[in-house]
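Note that chain A is present in both complexes that follow, paired respectively with chain B and with chain C.
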Partner chain A sequence: MSVQYRTAALALLLVAGATASMIVGRYPLSLADLGHHLGLWAMEGTDPKQAELVRTLLLEVRLPRILAAICVGASLSVSGTAFQAMFINPLVSPGLLGVLAGASFGAAAGMILSTRWLVVQASTFAFGLLAVCIALAMARAYRGDRLLLLVLSGVVVSAMFTALLSVIKYLADPYNQLPAITYWLMGGFSLVTRETMTVMMPLMLLGTGTIISLSGYLNVLTMGDEEARALGVRVTALRTALILAATLVSSLTVVVGGIIGWVGLIIPHVGRMIVGPDNRILLPFSALLGALYLLLVDNISRLVFPVEIPLGILTSLLGIPVFAVALRLGRGGWN
Partner chain B sequence: MNARRSAGASLLLLALLLLAPGWSRAADIVDMTGRSVTIPDRSTKIFCASPPTLYLLYALDSTLAAGLNFPFTEKEKVHLRPDFVNLPVLGGWFGQGRTPNLESVMAAKPDFILAWYWHQTAANDVIEKTAQTLGVPLVYVRLDTLEQYVKAFEFLGRILHREERGKALADASRRILADVAPVVAAIPESEKVSVYYAQGPDGLKTECDTSVHAELINLAGGRNIRSCAARDSFGMEAVSIEEVVFGNPEVILAKERRFSELARTNPVWSHVRAVRDGKVMDIPAYPFNWFDRPPSFMRILGLCWLTNLLYPDRFPRDMVAQTRDFYRLFLDVELDENQALTVLGR
Partner chain C sequence: MELTMDKIVADSIVFGYSRKTVLQGVSLKVGQGEVLSLLGPNGSGKTSLLKILLGLLRPLSGTVAIDGRPVDSMSPKELAKSVAYVPQLHRIAFSYRVIDVVLMGRLAHSGLFGRTTREDERIAEAALDRLDISHLADAAYSEISGGERQLTLIARALTQGAKTLILDEPLNGLDYGNQIGVLEQITSLASEGFTFVKTTHFPDHALWMATRVVLLNHGHIIADGKPHEVMNGRTLSSLYLADIALVSVGDGLRTCLPRTVLDKKPVPGSHAGRSLCAG
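The block that comes next holds the complex of A and B.
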């Protein structure tokens, strides 16, 4: 099967998965109710209260959550793929330059200092960006191997924000604020609202779209800076643009669902096993794969247990069998 | 003229028909924080966002609870109504995991969500918005002091049409408060018993005398050896063993059994008067703690217990009988004498 077919199949699977997810949930809702609500067929004895409830359930509870899972999954795997290609290193994940550490700190600081969730979201986003900007500035301050310096600055900035996060946790009221911070950082979509997704989704699509549109250049970058320059690519400008786009979407994933690990590191590898290393195909494929994976995991989180299980736990635990299956089935080759 | 009158009459009738379901279904109430909330007039199912409100509702009418915040242990189940402990666990927003699944909450079809208004935080903000999205009204109660528990019983009784039950609970609470108050007022400052409240497995976490967590010590006429201004609303102030030895309390209230066992065997603790005199007391905790953490109306019985413990001569009460009465009225469970003694830790 050619890679185009595989991508198309995956896209179809995602659409089917999203549709199926709208139908299932812990609130028992029959297909008849759904079809009636969607205007597919008319039913006798319409109860306006029931219709209102179905509307809330579908549009306010399920849809934002499904969109969140899809967008966050796609964002994390696209930025992970881009980072792995850019740094020519298979162990790199979107958090490399400190964006997740910065965003975590921002979220925690917001929860301590403000009583408004909007402020928490803004602070999460701002500190994620700030962390990466500090890392970029530090890497520029010294002349030498660009990639190595970026990685090193990223490690330093991550350490700094992790330490600052610990300070916040240490100072937080352990009865109320500390658990709120801890559980938020475990990730989850249980409180995603329609308003949040209305703002976040276009931004995330913009970021992932930017990265995917630069996938051809990304292929050149994987050959190394010297070769890329020789081919006439403005390496620094290109890399900065890619890093900023990846940072934007990674930061937004924390705003929407807290820290969701694993997806950004392993999904790109699984994608590479299936369709090979060409970023022009790999990036959109990873996006679909990450979206489908997170959608599946979030469905398990909201369907299997009466109370929510933090998503960060499930992505890692369920990811291991997925990874094993991918290893077994992978045909695309690593490099 | 006639036609117009009949048209008017039919319009009136139509208006009545339209309004009738409305007024029988909805009631505007003002909750304990002064917010106006519209709830169904006959509420039959309530989702409690955290344990303090769930316990409050249990006392008023346990059949109204939509679900539990967390499963009860076997030891707690003994002292609760069986139909209550078998309710589904829906979780709650009280910062200990068990985040509720929104659809599970919707499927339980609660008439409103009952929450304790304590701190306004960013995490609460998003929960309030979520309740709004789900279209479930949110009613706040205030439960910071014992007085507010009394008011909360009356408030819940009023909005749930359980006025008599609410009044009975409030009156019983007031009786205990009024029983204790004059006795405590008559105790001269010099004769006040010094108390240390030991939390944590090592017993070295305590509460300031001004903290609401240690409110009962002051109300029972004790003198908290830890005199300070609370750092924050959470408390759990760390102290060193030296401070406890220096403070030399006459009574130690132990939150954890592990600590009371440690205090009896550890040579360092033997320098404290309370340990030497055998006055390290385990705080009764079944089904809910009588003192604090989580705070609940059981504090009202806790006040009676603590005053009796500190001043057996000034406040002689048959605690077994008091406990049995309280459990019968508030928890709707019958304890025999041995069970009451076990609860009291004797």
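The block that comes next holds the complex of A and C.
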């Protein structure tokens, strides 16, 4: 099966998965109900009051949550794929340059300083961005291997914000704030609202779209800086653009759903095993695969257990066996 | 008609790092169709010079012009269309197909998002065909032989549209047959008007096919000219700090023989050999 068909098949699966996710839940619906409530067709004998409730459930609860899973899954996978290619390293994930540590700190600080969710979201985003900017500036300040310096700066910045997060946790009120911070950082979409997704979805699509549109250049970056430059690529400008786009979407994933680990590390590997390492094909494929994966895991988190399990815990627990199988099956396009 | 035009003009290049000077006022002109071999011991500044010619390193002072235009005034894409880099035999992290590696050469001709077109693919296929490796188009770059990889990189250089190719140790790590195969292609391309500047560790390669040899030592050019003019026992011995003889093998052909080694070659059955066996 050619890669185009695989991508198309995956896109269909994602649409089917999203539709199925709309009708399953504590209040199960039929496909006919779904069409009716979304105004696609009319159905006889429905109670208008009941219908209003179901409509609210669908549009205000299920749909934002499904879109969140899809956008966050796609964002993390595309950033992870781009980072693995850019840093020519299979162990790299979107948090490499400190964006997740910074955003975690930002979220915690926001929760301490304000009770308004908007402030928390703004602080999450701002500190995610700030962490990466610090890492970029640090790497610039030294001479030597650019990639190595970026990785080292990322490690340092991550460590710094992790320590600062501990400070916040230590200072937080242990009865209200500390549990709130801890649960939030475990990740999950139960708090996602339609308003949040209305703002975040276009931004995440813009960021992932930017990365995907630069995929031809990304292949050349994996040949090393000098070769890429000799092939006509403005390496530093390109890498900065890619890092900023990946940082934008990664920090937004924390704004939407807290820390959701492993998706950005394993999905690129699984995608590479299925369609190969060519980023022009791999990046869109990873986006679809990550979206589908997170959608499925989110359904498990809200349906399988009587109490909702935080998504970040599930992605880690499920991600490890998936990764083990992926490693067993092949090197996945790495040499 | 343009045979006299200089493809590369490097003038008084000085280059170095904080404590070490690597190149101390190197000037060089390369004309169209020349195959220039840059010889010199490790650390003589060969690779730095190549990278300065490619615009990858900036000299401390001095200028480089490619096709009559100063390198620092050219955008990376313009530069890539004029001069191509064929790096040392390397492994790449991802197993791209050969045709996709060659297609990377078309990025210099693409728009903002680096999309390649059907026409670009046709040009890449033609380059593979030109180097007789069309059959490898769909093979994984990581799984072909070293010689084939080097030819793939040369095909990529042709795909860039560059008429000047700069090669860093193009034969390093290749077996003898592959070395000959790559040299054959370089010679044939040069006869079509392509210009080559390459470094080599093997003086014999320069004797076989270079039209010009530049000897570099301690950041200075110590000799520059046709192979028969500049390559002799004296210059090579001083360059490599070994006793090297150039021996004529008839038909005006010569080859290098390292006397230092040949004189000490053990003779089977001699004393040294026996003592080894006894041990």
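Criterion: the second predicted complex is superposed on the first by the 301 of 335 C-alpha atoms of A that agree within 3 Å, B and C clash if a C-alpha of one lies under 4 Å from a C-alpha of the other, contacts with A are read in each partner's own complex, and residues count from 1 in each chain.
In this text, a residue touches a chain if its C-beta (ideal position, glycine included) is under 8 Å from a C-beta of that chain, and two chains touch if they have at least 3 such contacts.
Since the model is a prediction, treat every value here as computed from it, not as a measurement.
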When chain B and chain C are modelled together on chain A, clash or fit: fit
First (chain B), second (chain C), both or neither touched by A:50: neither
Partner chain in contact with A:179 - chain B first, chain C second, else both or neither: first
Partner chain in contact with A:28 - chain B first, chain C second, else both or neither: first
Chain A-centred angle between chain C and chain B, computed on Cα centres after superposition, in steps of 10 °: 150
Touched partner set for A:4, first chain B, second chain C, both or neither: neither
Contacts of A:166 with chain B and chain C, given as first, second, both or neither: neither
Partner chain(s) touched by A:198 [first = chain B, second = chain C, both, neither]: neither
Larger contact residue set on chain A - chain B or chain C: B
Partner chain in contact with A:217 - chain B first, chain C second, else both or neither: second
Where chain B and chain C come nearest after superposition, their Cα distance in Å: 41
Chain B/chain C common contact set on chain A: none
Residue ranges of chain C touching chain A (in the complex, touch as defined): 51, 54-56, 75-77, 79-81, 84-85, 87, 90-97, 100, 104-105, 107-108, 110, 113-116, 142, 156, 160
Residues on chain A engaged by chain C in the complex (per definition of touch): 85, 88, 213-214, 216-217, 219-220, 222-224, 226-227, 229-234, 276-278, 333-335
List of chain A residues in touch with chain B within their complex: 25-28, 52-53, 56-57, 60-62, 110-111, 114-117, 119-120, 173-180, 183-184, 188, 190-191, 193-194, 302, 305-308, 310
Interfacial residue positions of chain B with respect to chain A in the complex: 88-91, 95-104, 106-107, 118-127, 129-130, 133-135, 232-234, 236
